[in-house]
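Every chain is named by a letter (A, B, C, D and E) in the order it is written, and numbering of its residues begins at 1.
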């Protein structure tokens, strides 16, 4: 494991170096939001404010072209149409610098679904295996933060290849994975062993600053137990306006939709983020919709994250506690309180 | 035609079947020579023209959009062009805030008998669009220029 | 008894005849209020009324059509109710409107711009004079007008235009609205305007919070944005496509938008969406002398016409 | 803007010579009616008939120069008594509405002409700005019993799209003004017929034929005198009346007035200021008859 | 989907300026196009057969024909594809003639444009759906507007064909302009002798309901089911009681009423029957001149009327009639002859219009058929006719030829000689237009047998000289100025659209041209139809016409109505709006904007939804552009169909958006 020190002034040059070999993605302030964008020359990333969106699209773009296609006509019989397909896979090396621990950890939720022993999503894997994460620790929790409720921490390394700890005059960079080590080979980085102690102190402080987490071990069972309790979900979802802000900002929401868009003789197959808060999400071709109301839909979102997913993935909750869904919800729906209400709800009497 | 000294531009026309499409036919029957940039889409009534069709065309790269219907009070469906008049006027006034030159869109009233007028409309509008030149395409290039500009401001 | 207490009493009085009353309560931090659905007297006790009550609760009404619902509104929110009634999207008999004179609400975004991050808000004291926000143990005070929602600066409807239970003294002050935001934006060069929207819209994540927060976007589940028939939009996330949705939204609201600003407020990435609708309202006011949501008996101008229009010149060539 | 009726006055060349009585009476009448005339400084020839038959641009430039001269004056417009000058001014102004044409004209001028001043005849100003009613109110010596044939000439109202005044086939402005001053206007049908114009020099026979017919019809209508607004018409009908009589074996003794002279007379202006003595056919008896009738009425 | 594209040469009409072969070649590259070819005349029998053969051989699902305007041949080709077993709505046309080949000479540009138009048609066709018409009942009554000779003929033919006819006439008698004429050309037979019996037939026909002194106030509904409101003007006489005895006219003391029938040559009484052969022969009171109605005194007619039919208190009433078709025969009016100041019309008593002259010639006219000058009652000797007064003259905005003036002028010249053998007629003309059967022979007779002097040239001015008039003009054949002394000058005034024609057109939802004449569906092939189903034209309302043509059109319009009513039910056009119940939120904006009341609110499982009444829907699509969620779609012009066309010309394909 390498420990290096990056002086404040060397940040931009270091990123510029990285950008020569990697698609380098950094948080950037745009208008009133902080979003992930390719590193642009001479432009310092926004590392202090928490990014508005998660870095999800670095590996799982909002709109991903899975393939392009082209019709050609049989010369003998123009009524016959031939189809040429071209798969689109992005295997270019990439690095995300400056996302939070929780954001990087979000991809672990994806991995359990998209890269299993049985099935692998090739497009996902292509990017996942070629993308590195340099995370930055959170010195102080926001009012919406709850990573420690769901097994994370402000200094968590479970999704990181390199971890950055901010000091007064720069950052301490530690490689967490082997793949992360080459990122620290730059001559712009100094040996960081002498600063490791300071960094550790800051990390310790950060962890201590987290308020105590409630015990969610009962959550999977309790949430599932409420499956039939419509009144509960109706009350909890009353203020939800069924938009997709929570799912689209979430680092762990991995649902998608596939559509073909074509024009003339050519077209593309697109994979776009989908949103279980939307009416169309479960709309069936017959016109039947198994989740007709927002109560059904919010139940799914909370249920999936805190019950259905952990039930089939070794108890791993599919939430990293980044708090974006709370902070950016137009009506401040608070997933924490829903889970706590579920845990506190009296057991359903047998029907 | 004089308007087409440069290369052709993309002009989309939405014409009501009863008056303006007929007027364009009448212009044809009269052999009134017109520039060739315009591509006409026939709709039953100017009231059928959702302003979004115009916007869709402009967003998709049309250099100009021309809408034409029956003269007010002379609608085959009695009221269609009254609605159209309001919607199209609002649309025309809306364009500047989008950063789209409102001169790229025009609406007019031409009856089935006004072949000569139709020729004038096509000629005038086409010349105007040629003066404005090709519309900026809302693509990656524009995005890059936009960003450069945002940076400069 | 304070106005708020009187209001609570009135709600409690009417609650037995209603399925619920929608108001606000304190949210997850001291700066954030959140909608409150009151079904019991205990719920009513949690009701708040202060400059943090930013949400336009009329948004919920079309979705609750058929139920007996009470709703607490600010002056501006009442215009949405009028517009909904006018368009027969809700039944007058099914709703009870509670209101108090509104002196304005804050813009959370403006406060964020002032204090940098909203992640650490510890306490907020807000009245119509000053807003004091404590972050990390240190307090900052702002003059209310500096952090009030922009719509409050041009408010003409402090008092609800429609209410069944009104508590307090009506405030009939009317500020001027000169649409200077629109005109100054339009004074910028055309290419810059285009560039502005392309840059802003690039950030859009297509969550449609703008649409779902809008009280008058009544298509909701059947919005053309996510339909193949009609197929107005593709599923691409190209800026052009994302922007086109905003243009659809604005056009669909032309002559109907009451400028509550929920679209802009709800946007998680802070795109100034209200500007488009303000522009349309400006033109519609000029053309038809019409302000949406002020008269129950009128018709949105784009669903009506005059044989001889007052302000539209017949176009001739 | 100065007083409500102030105009740049373009007298025209005949007003300096053959039709000096027209110019004098115009000035006298306008003064009496409160219409202020300010001579265009350093005015030059309008081009008359020859110029525009040779070169439209040069012709227009001649008039444009006069228009330009008036543009710095604080006036409501340019006016002239002479229909021929009027035609040249108005045609030039009309043609200069075409930008390309105007550019060529401006090239010939010291500075470009704004071309925004209205150009009118004195007749139009009296008729439209003052009006028959206001005129009638100022009449002190009504010309009661004077039977007149109003003769406008061929170019006062033509071409209509340029001149833009009165009906081009049956003008009535002078009719109404003459009625306002108390005269009796006969239904003279040849109001806009050609008098022969400048053929008086080259083809005298044309003038004697055409103007002869005018005099014949005027007499047939019962007119005792003719009234006109054009120097050339007046000259053909008045000065050449003897030639006409000789050629046609007729014996007309028809006085031919400028309308301004008759208005002046009715307003009580002196004969000298109206230069009535300049007329070739002596109108004296007409006024004496009016006077006699008036005294008889008074008794 | 398999689409066939047929690109028509239209002889050289299209092929002359469009490379038809390469359009077909390019078409074959378009998506879904399985067959493409060029064809000499697509609409000809072999052309249509080729389309049918290709549909069968290549199992096509839809067809695009690139040829002339769909307004011309869409119905033709729809039938063609139907004969091949396709639904007739699986067909699109690209208009590469009127919109391409005829308006541009640049062959390359035209070819590119034609290819684009074909691509748009193909794109739309891929979105087309099969549509099936529904049928609805019709009301087999017909409304005829205007009781001139065209309207009379149409009414009689319809009535004889067994239809109930409602005939509405604006004035107090039918007969129109023809009833004012003395004789008709080229036969010189008596106008009222041939028209009179037809007018009587109208009065007596059991199938005809006549509303005289009435006007159409409002028209609602659609082909097969129109509802018409008719304003019945107050005549102040109970026509049910009036026997037309004329006693009131004899006694009426107010004798200065305008004699409209006699073109105001002279005056008539305030209560009057316009002419002896009037149908209905009923008196009516001119309220402007009636002493009782203006001053409150008199009432003589009331006293003398043997049947007590006078009703001073009568008010305008409205009648409602339901009909299935409408024939418009509102005729023409005369050009305002006073606008030519140089002719002195209106100023000189003896400068009159041709129709006034007809009244002077007519035995039933104010002079009893003796030609007398209005000024002094003397018989004229020299009569000058001036043609083209308000015809073929751009300066008065009447550039068209009124068509019948040359003929009636010749007739009037002949009649003048008949009446006054000593007289001499002169005709100033521009060209003689006499193309009908025996017409040119007739004008020749006027010149050769009746000695009428024809002078080719325009009249510069007319002026009085003594008790005569000097008519001065150019004789362009002689190249000299001519002056003719005349006792009477007759102006052959041209025809213009009837006053109020545009307003009626707006009620009927039909189009009219710049001059107010009604537009026919097709100038050659559909001369009596309009673009509004169920509304037909007859006579001069469509453009100036002589009597035989007007009568012919009256019969033609009647035949069209009889053909329309030969079925008990009509097929409704399936291009109507359809509601997607799932998408509809029941806001009712479509109901609010529909001009026809064709959309109603219905209850669907407790939710309000919009419902289209198919037979009432006219297919304008206002609802479709009003509905924000696109829940109501006008069939054959759906959002997707129009978007397909837009995208075919301008779309940045998703593939283009890839870097």
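Here is the rule we use: contacts are C-beta pairs under 8 Å (C-beta built on N, C-alpha and C of every residue); 3 or more make two chains touch, one makes a residue touch a chain.
Fair warning: this is a prediction, and the values are worked out from it, not measured in the lab.
S.K.: If you take the chains that touch chain A and keep only those that also touch chain D, what is left?
M.R.: Both chain A and chain D are touched by E, going by the contact rule given at the top.
S.K.: Starting at chain B, how many touch steps does it take at minimum to reach chain E?
M.R.: The least step count works out to 1.
S.K.: What is the touch distance from chain C to chain E, in steps?
M.R.: Step count on the best path from chain C to chain E: 1.
S.K.: Contact counts by the stated rule: is the higher one at B-C or D-E?
M.R.: B-C
S.K.: If you average the C-alpha positions per chain, which one ends up nearest the average over all of them?
M.R.: Answer by centroid distance: B.
S.K.: If every chain is reduced to the average of its C-alpha atoms, which one ends up farthest from chain A?
M.R.: Result for max centroid distance from chain A is chain D.
S.K.: Centre to centre, by mean C-alpha position, how many angstrom separate chain A and chain E?
M.R.: The answer is 71 Å.
S.K.: Rounded to the nearest whole Å, what is the centre-to-centre distance of chain D and chain E, using the mean of the C-alpha atoms as each centre?
M.R.: Using C-alpha averages as centres, the distance is 50 Å.
S.K.: Just give me the whole-number Å value for how far the CA centre of chain A lies from that of chain C.
M.R.: Spacing between the chain centres: roughly 30 Å.
S.K.: Which residues belonging to chain E are in contact with no fewer than two other chains?
M.R.: Residues 582, 593, 626, 639, 643, 647, 651-652, 654, 657 of chain E each touch two or more of the other chains.
S.K.: Mind pulling the chain A residues that touch 2 or more other chains?
M.R.: 261, 270
S.K.: For this entry, which pairs of chains touch?
M.R.: A-C, A-E, B-C, B-E, C-E, D-E
S.K.: Touching residues of chain A toward chain E in the complex: what are they?
M.R.: Within the complex, chain A contacts chain E at residues 65, 68, 71, 73, 77-79, 88, 261-268, 270, 287.
S.K.: For chain A, which residues are in contact with chain C within the complex?
M.R.: 30-33, 35, 48-50, 52-53, 62-63, 140, 142-145, 235, 238-239, 241-245, 247-249, 257, 259, 261, 270, 272-273, 275, 278-280, 326-328, 330-334, 336-337
S.K.: Using the touch rule from the top, collect the residues of chain C that touch chain A in their complex.
M.R.: 20, 27-29, 32-37, 39, 55, 59-60, 109, 112-113, 116-121, 199-200, 203, 205-209, 211-213, 220-221, 226, 234-238, 262, 265-266, 268-271
S.K.: Which residues, counting only chain E, touch chain B once they are in their complex?
M.R.: Per the touch definition, chain E meets chain B at residues 69-72, 95, 97-100, 102-106, 109-110, 112-113, 116-117, 120, 502, 505-506, 509, 511-514, 519, 531-532, 575, 593, 595-596, 618-622, 624-626, 634, 637, 639, 642-643, 645-647, 649-652, 656-657, 659.
S.K.: Under the touch definition given earlier, write down the residues of chain B that touch chain E in their complex.
M.R.: My answer: residues 1, 4, 8, 10, 12, 17-19, 21-22, 24-25, 27-29, 31-36, 39-45, 47-51, 53, 56-57, 60-62, 70, 73-80, 83, 87, 111-114, 119, 137-140.
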